[in-house]
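Here chain A shows up in two complexes: once beside chain B, once beside chain C.
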Partner chain A sequence: MPADGIAAASAPGRNSAPYEGLRGLLLVAAPIALVILLVILPTSAMVLGSFRVGDGFGADRYLAFFADAYSMANLRYTVFWTLASTVSALALSFGLALYLRFSTGRLAAIVHALSLFPLFVPAIIISYALVRFLGPNGLFQLLLEQVGITGYRTPYLTPIGPYIAFIWESLPLPVLVLTAGLTQVSDSAIEAARDLGAGAGRIVAEILLPQLQRPLIIAFALVFLGTIGSYTIPYLLGPPAPEMMGVYIARTMGNLQRPDEAAVQAVILLAIASVVGLIYIATMARAGRQ
Partner chain B sequence: MFNRREFILTAATVPVVAASRAFAQDRKVLQVYTDGDTNISDWWNNVIKPAFEAAHPDLTFNLTITRGVADGNTTIGQRVMAAMQSNTDPQADYFEEFDPADVEGSIEAGLWTTIDTSNVPNLAMINPAATDLPVRLPYRGSQVLIAYDSAKVAEAPKTFADILAFAKANPGRFTYGRPDKGGSGSNFVIRAIHEANGRDPAAFTRENFDPAKAEEMLQKAWAVLQDLHPHTFGEGTYPAGNTPALQLLAQGAVDMIPAWSDQALQAINQGVLPDTVKVVQLQDLALCGGFAYSAIPSNATDHAGAMTLANFMLSPEMQVSCVREIGGFPGIGWEHLPPELKAEYIDVIPVSIPTFPSGDWQTAKNDGWYKNVATNLTRD
Partner chain C sequence: MLRLTDVGKSFGGAQAVAAASFSVVEGELVCLLGPSGCGKSTLLRMIAGLTEPDTGVIEIAGQDVTTLPANRRPTAMVFQSHALWNHMTVERNVSFGLRVRGLPRTEIADRVAAALDLVGLSRFGSRRPAELSGGQAQRVALARCLVVQPKVLLMDEPFSALDAHLRANLREELKALQRRLTLTVIFVTHDQEEAMELADRIVVMDSGRIEQIGRPNELYLEPQSLTVARFIGQTNICETTIAGGRADWFGARLLTQCADGPATILSRPEDLVPASNGAPARVDRVTDLGPMLRLHLTTDDGGQLVWLCPRSSAPQTGSRVSLVPGRLQVYRNGERIGTAEAARPSTAHARTLA
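== the complex of A and B ==
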């Protein structure tokens, strides 16, 4: 009987007894309560508060944000570099995943381990490491000069600095997702294509990519959402202006002590993240139905 | 008489509690609270404590580091205030790096001991620029200086104009930190504000902030800094803090930066910065800085002991240590310190220690800098 109970609880939709569903709900009650109390409630309060003007409501603060050239430059900068680093990370991890799908042996194992390594390195460590490595008179510049290449301009404190760090930091997730996706592509399909004379490019374009659509969207959403709100990397490696929204919000809140403006900036960032979040949820839901 | 081996063996076997109790019976233990950074609390534990115990065999202290816990020393100050009102033991004798004004109403309530030469004889030697409120004891200071690599910079800058001239003649070899991310960059920006407004720090007070007037005064400073912008490291890529700026200097990426006196001198002593790096104070108007204060509650558990510690901190011996160990400025006049020390630090001794008000002025300064200087957009 206990075995039946567990099976029933894990598949509540198929069980007609009402209390079994209730038991399932109880299991998730604590996390849901936490999410409602600590995430949804304060977020709703912030969104609502950001529209408060005097005693009524209005979009005044939002209009001020969109009219301010400095804020808009920060927003454009954030979206542009988040997209750029996300797409670059996906391209790199796609190559890595392809290699890991078709290679075996010790070298592949080492590459796999290396590609997951950034998962275990905190952002502040990689930031300072990159300052030492890519910074002015850093190791990279010294190596270049050893082989006679001069005129190196450091990416430190330019948009390229955080761009490199974002790619580095976000590589493991898409590698994991895409490797998992590629293992579902059957060897026989690829061999059949090969037998019919398809080259590597054609196999990727017509067999792998169509089957990887969903993992690609999921990986895109995960990397995009992880990058757009980042703080440490753009703070330490990026230029003073424009600022990533995460840095800008923290400065508006902490240094300038204008919580009202910080809330508006946060809601706008939340809105952009929500669009990508919705795409992610829709993709996952589609995956669940199939 | 004294068998060292036996003593060590005994000390090793006696439980710690018993040992510390025996210790406490021999000496009175003062409760000292510090809000200072690691370099300061290390200095108190490793240098001041043994020196104090040697000078006063009947006294010692227990240092509690309040940095980063709740409101630090302010929280302890509020408890001492509550203890005074309820007539209980405050379990506190001495506050280090603390401003009594932070505990609201405590000065008016008479919570803090008024310090004068009758209870702290060494106060006779104090630097007159440092004293203002008699309840706080200015025993050390730090100030922002110009740090430069003497191997690359032929002549040390003596004025603000010298820095601008150096930056323009040597593109990319000067930089300063973002003003909201650390005091070194912040006080350089403030120095530019002073430069553009008649070099008169007194023109800026917490009370005289007026948005329209501030905009006009700051705009003149933004013009100076916009002019400097293309000549700084990376053509306006300001590092994000005191340490990142020092790091650029250490890596030889720049030759001149504004830096905190204590951070720069300590980095040079520890070899983090090459020994060719020198520090200098501007002579036309110094960069801003300030003193760290101590205060003693009038209801201190061991008031006499606390006053002894205060007097000890102002002794020339401890003041020399403040300069040597933590790169701070002495609270007493330089004329009371060994002449060779003064000769060594002659370039950094300020004629004056200007300050800049907190509150609205700081906000206007930081926001204005981002919108006008960091972007280098001139606004009509």
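== the complex of A and C ==
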């Protein structure tokens, strides 16, 4: 009798298991369908289309891109300034995260809020704010002139303009990721190093940075991927040539009406982003396993 | 080797440590003992330089280190959570302090090998801390401190997260090591048994104040305050009044030299002896401790007593007995004021009544 009771009690659970599995599948079906329909299918079609030459396939368009000096200059310019602004944003946010990890009180709360502020400001606002601040007769120039410094030449139409804007725009994400990473390092782990004679530099180099490897890779990937494909900031700031790939692709597609060439440019950009994306996925997967 | 003079620390108006003063000689193992939040860890951190004292002076080997940062003090600390760095091998963990000091690579290797050998982990150098058991991790943490040859070794409840058996083993190992290397050690614990077993002297703390400093047997036999008496070992407490050199102890009469007035009389469970003129009581419960039995009794006037009794002469549950304290201490306003003895002691036979 008790055995029957147990069997009866467990029966509904056994029967409902397949339905629960089906319900789970139904829940993820919509987003998976969206990703397939709106991302994977068009991307695959674009990648495939970029290799289409007449009735067959070939790499002619890619060879043409790599042979074109202007296209290569744009690619180099994009990768270089993306890397430069990503590394700078990471360095800045590491300093901020260190401060936030070891400081308490009102000032730390204000710094935290300020470091997250760009998260809520659209790129177009950031760009125009920088134009108004750094541009000719902008606030920065006026401030310099107030203290007697004249001859200011605005950097907003040089690569430094978008470089500053990229850092400003991407600062919150690495600050969040690195602050979370630093909270995983216990106080006693840091105190043990201090206690054994280590100064601040050695603690950062030997205790904190090695334990922040994963958050640093994740932050790097997030900032790099957000910057390399950006359009608004490099459209409004920086020199007319060379161009960031985002602007170049849009111009090739829109102004020049050459969708095939735009597809090649996009696939090349996608390939670079995919490398960083794969590093990100591998890091996340390793973290999941551990 | 170490001298503290009026060392104090407050956190936001709350006094964590109040004017602590004591000295530790070379080769001595001193335990800071007290309940959670009594200020013992704060005091240890001030010696280490991890917390800055508000007042007082800390001297190590004759040098004033009060304002020196932790990384410039001749101390090394074993943390409760062992605080090993998981991204380094055991060897790298142990060699850290030597690398910081810029010693030659060969000397580092020799000293690390010797330190790991000392704690019995010679073959574990290439492992990661995550691959070690709790006891092994604490041994590595100890080796990491010993390798830098600190003048004072500080230990903040290092064994509290380990199981009882392992804790007892590590205590024995530490004591042997401390004697062999003549280490000067300050050991923080809330476990009075651990302190009694390890310490040459114990500093008992409560609410940020040092209650008493003494050898373990001094603290146990003659606690200077009720707080110390209650914290170290089990006690039978009797609130009574002294009048004309006499006092009542659960119905038994005591004689004392202490002045008249209210008093608290403490006696240890193992100091109770059967006597015909003792306090009459009934055995409520018997706990078998192996070599001894612990008897929980209720006296006829409603008092509670605990009696540690040899197995051979232990009465049964429900039996009636009559007991007097063979040794006792008298306290007034929390401070020890003297002793007392049972009137007309008669300890020849146990009087088991039913």
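By definition in this document, the second predicted complex is superposed on the first by the 267 of 290 C-alpha atoms of A that agree within 3 Å, B and C clash if a C-alpha of one lies under 4 Å from a C-alpha of the other, contacts with A are read in each partner's own complex, and residues count from 1 in each chain.
Assume contacts are C-beta pairs under 8 Å (C-beta built on N, C-alpha and C of every residue); 3 or more make two chains touch, one makes a residue touch a chain.
These numbers come from a predicted model, not from an experiment.
A.B. asks: Putting chain B and chain C on the same copy of chain A, do they fit or clash?
C.D. replies: Here the two partners, once superposed via chain A, fit next to each other without clashing.
A.B. asks: Determine, under the contact definition given at the top, whether A:Arg214 touches first (chain B), second (chain C), both, or neither.
C.D. replies: neither
A.B. asks: Let me test your reading of the model: by the given contact rule, A:Arg101 touches which partner, first (chain B), second (chain C), both or neither?
C.D. replies: After superposition on chain A, A:Arg101 lies in contact with neither partner.
A.B. asks: With the two complexes superposed on chain A, say which partner A:Gly199 touches: chain B (first), chain C (second), both, or neither.
C.D. replies: A:Gly199 contacts chain C only, not chain B.
A.B. asks: Which partner does A:Leu236 reach: the first (chain B), the second (chain C), both, or neither?
C.D. replies: first
A.B. asks: Output check: A:Arg23 vs chain B and chain C. Expected answer is one of first, second, both, neither. What do you get?
C.D. replies: neither
A.B. asks: By the touch definition at the top of the document, which applies to A:Ser186: first (chain B), second (chain C), both, or neither?
C.D. replies: So A:Ser186 only meets chain C here.
A.B. asks: Should A:Arg52 be classified as contacting the first partner (chain B), the second (chain C), both, or neither?
C.D. replies: neither
A.B. asks: Quote the smallest CA-to-CA distance from chain B to chain C in the superposed model, rounded to whole Å.
C.D. replies: Scanning every C-alpha pair, the shortest chain B to chain C distance is 50 Å.
A.B. asks: Of the residues on chain A, which ones does chain B touch that chain C also touches?
C.D. replies: Correct list for chain A: none, the interfaces share no residue.
A.B. asks: Okay, in this complex, where on chain B does chain A touch?
C.D. replies: Touching chain A from chain B are residues 178, 180, 233-234, 236-240, 244, 247-248, 251-253, 363, 366-367, 370-371, 374-375, 377.
A.B. asks: For chain C, which residues are in contact with chain A within the complex?
C.D. replies: Going by the criterion above, the answer is residues 48-50, 69-72, 75-77, 79-81, 83-88, 96-97, 100-101, 141, 144-145, 148.
A.B. asks: How about chain A: which of its residues touch chain C in the complex?
C.D. replies: For chain A paired with chain C, touching residues are 186, 188-189, 191-199, 202, 206-207, 210-211.
A.B. asks: State the interface residues of chain A toward chain B in the complex, per the touch definition above.
C.D. replies: Contact set of chain A toward chain B: 69-70, 73, 131, 135-138, 154, 156-158, 235-236, 239-243, 251, 255-257.
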